[in-house]
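Okay, so subunit A shows up in both of these, paired with subunit B first and subunit C after.
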Partner chain A sequence: MNTPIRKFYYGDIPEENTGGSINAISSNEKAWPLWEVFIRSKQGLDHKHVGSLHAADATMAIENARDVYTRRQEGISIWVVESKFIHASDPADAESLYEPAADKIYRHPTFYDLPDAVKHM
Partner chain B sequence: MEIYNLEKAFQEKIDKEIKIEPKDWMPEAYRKTNLRQISQHAHSEIVGMLPEGNWISRAPSLKRKAILIAKVQDEAGHGLYLYSSAETLGTSREQMIDDLHSGKAKYSSIFNYPTLTWADMGAVGWLVDGAAILNQVMLCRTSYGPYARAMVRICKEESFHQRQGFDALLVLSKGTEEQKAMCQDAINRWWWPSLMMFGPKDSESTNSDQSMKWKIKRKTNDELRQNFVDMIAEQIKLLGMTLPDPDLKWNEAKKQYDFGEINWDEFWNVVKGNGPCNKQRIAARRKAHEEGEWVRAAALAYAEKKQLRTKAKVA
Partner chain C sequence: MPHTKNALSFTLHLADTALILAQRNGEWCAHGPILEQDIAITNITLDLIGQARNFYQYAARLHEANENAVTEDSLAYLRTEGQFKNLLICELPNGDWAQTILRQFFFSTFQMLLFEKMKQSNNTQWVAIAEKSIKETHYHVKWSSEWVIRLGDGTTESHDRITKALDTLWMYTGEFFIPASYEMIEVTALKNEWMNKVKEVFDEATLTIPENVFMQTGGKNGVHTENLGFVLTELQYLQRVFPGAEW
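Then we have the complex of A and B:
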């Protein structure tokens, strides 16, 4: 699909008004930066993105993440990263990035039809 | 690509149940509708802490106090999930909070009613959270990805809210005559405002059609309201209490409850700001925000200072 090319730098937040409007901030107060939160639900599993929050620094971001995202034993470890450091692929590139994999079915074990006599494979 | 084609492709995605993510193209009206709905939802969670916070220091036992604190803390978390998802649509937290405080943004009118007795904590949990849950379960499947994910998280936490409310009323319903009367009184006061939570009738709701087409909503106001009535009309039997509606009765042909007409004048009045607590709620939010300003500034100044020190050490 030939979607107009756009650039995004800020995690989930569009850099420009993609079909919408960005309101100006009316108050003069300087905002706390936005952080993305990743939680390891139990030992041995990956950290998984769970959401985001505002905090003045990393220490506060972890403390707030604990209060907001692990009140019911959802995690045993927290990662936080400032959202502005996350770079993301462009949805407009989805076709060129991911479609080439669709016709490479020989990458899957089910592609190979072996005799039943072959064991443990 | 022409706007027309983009909109067509967008609608095709919606029809195929493909979620819309923040960086995907979307019509301006879709963004605005979501932004309005999600931010109002967030404001409702935050303002919703006030009527219940009122009873934390006066809860009848340590157990009830701990439960109430946990519930109010959950509401703060829910507000945060929703603000974050609204932020992905390109607005800022400060802007949303400003809009709430200036009265430009609305929150659910239910929180403009006062919580007069302890039984109100039970009625709010059972009826108000019960009504909210029906809406929120539907929204777990909404078409905008960040909103849907926030709702899944919220629904997981919310069912305890309704259960603890019913549990509190159940205790009162088995208590002294005074406790029973208090229980019935709370139900009487909260029943109609709870029905109003589902919004105007379908025939008068301006946003409904487009929201259904875009799968922001999947059930109409009237459908959700009917589900709620059918659910509560059965549950109240276990409390041995009654709902304050003489027209409420089972309709065997329709397999659902018929119920009386909502006082729409009251509904519009509260929406327009003339409810019992509208001024008080916004004043409380403003006060908290203004009095917290120096704390937010100090935290930021401290973070900057710490960063400078780290840099100095490295150098």
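Then we have the complex of A and C:
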């Protein structure tokens, strides 16, 4: 079933008393896809996820990212990827995926005696 | 000295043009079609206000020889319609998003060519301002061109809307290239290149350049449409009601 959700965009001023026009309601046919934005702040560092935004295509997504996320010189390189292409681990699996690592402290390289000559470890 | 007088008039023309377009674009703030584009248009607005300030500050210095009380603020807030020398296209109402975008495209394309030329002038102030501004202007051109293509070559509705905007705006584009007596950059020479760039984008946007249209002029000499009075009323309200107010 398609549950109607009242979706307001930034700056929307509802014209009717009930708020939100029926056209603006979900089904998302007219809505632009969501993109995840990654910004590299300077040479030699890696791109970091900074947030997401809406855009009609990749070019617009990069420009939107430039306007939304680099206004204060936060970056010198932008990556965008459509959110639907990101596959995520299921939070419900967290117990089986991550907890087994909790009691395996021997996986941390903290049990070795380092010779004094070795620096920067 | 007539040379200084022309330099002052021309500098004010550049400042007024940037300020009035910024004021118009600023009306989109919080009313953009989507958050990201709201920020994009207001970023452009801030770029234009930055340019206007640079030109007003220089104009105020050119004034100093004769009058002391002139500042960038007094130039922006205390002059009347007849004294403003902005291009007419800047003061027109925003219309819909298509009209706002198309105006930005026409204007920024012109401004990019103008600044390119200005970089070679012998006035060091203009050179400095042009060099600083042209980078952002390139982005304004890129951003607005893409929108013109997107709307022109988009849906039936978007194509209709931008065609309507074209009918409204085209008659105000001739003024770019008709020089005022004080104009110190040869704007007539920019026309061909401007037309080429517009044609290039229009081809992709499936739009046609109108022919045999009577071109409106007057803005450069203070003869404006009725719109400017309303724009200035809002822009200058605070300084007119509370003279010298600061915050």
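Definition applied: the second predicted complex is superposed on the first by the 83 of 121 C-alpha atoms of A that agree within 3 Å, B and C clash if a C-alpha of one lies under 4 Å from a C-alpha of the other, contacts with A are read in each partner's own complex, and residues count from 1 in each chain.
The rule we apply is simple: a contact is a pair of C-beta atoms (placed from the backbone, for glycine too) under 8 Å apart; a residue touches a chain by one contact, two chains touch by 3 or more.
Here the structure is a predicted model, which means the values were calculated and not measured.
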Partner chain(s) touched by A:W32 [first = subunit B, second = subunit C, both, neither]: both
Contacts of A:L97 with subunit B and subunit C, given as first, second, both or neither: neither
Touched partner set for A:E63, first subunit B, second subunit C, both or neither: second
Touched partner set for A:S52, first subunit B, second subunit C, both or neither: first
Subunit A residues touched - subunit C or subunit B, whichever exceeds: B
First (subunit B), second (subunit C), both or neither touched by A:A88: first
Which superposed partner A:R72 touches (first subunit B, second subunit C, both, neither): first
Subunit A residues contacted in one complex by subunit B, in the other by subunit C: 32, 53-54, 56, 60, 67-68, 71
Interfacial residue positions of subunit B with respect to subunit A in the complex: 1, 6, 9, 21-28, 30-32, 35, 70, 73-74, 77, 80-81, 84, 87-95, 98, 146, 149-150, 153, 157, 293, 296-297, 299-300, 302-303, 306-307
Footprint of subunit C on subunit A - complex, ascending: 9-11, 32, 53-56, 59-60, 63-64, 67-68, 71
Subunit B partner contacts - residues on subunit A that touch it in the complex: 1-4, 6, 8, 12-14, 17-27, 29-32, 34, 50-54, 56-57, 60, 67-68, 71-72, 88, 90-91
Complex contacts: residues of subunit C adjacent to subunit A: 30-40, 43, 142-143, 146, 150
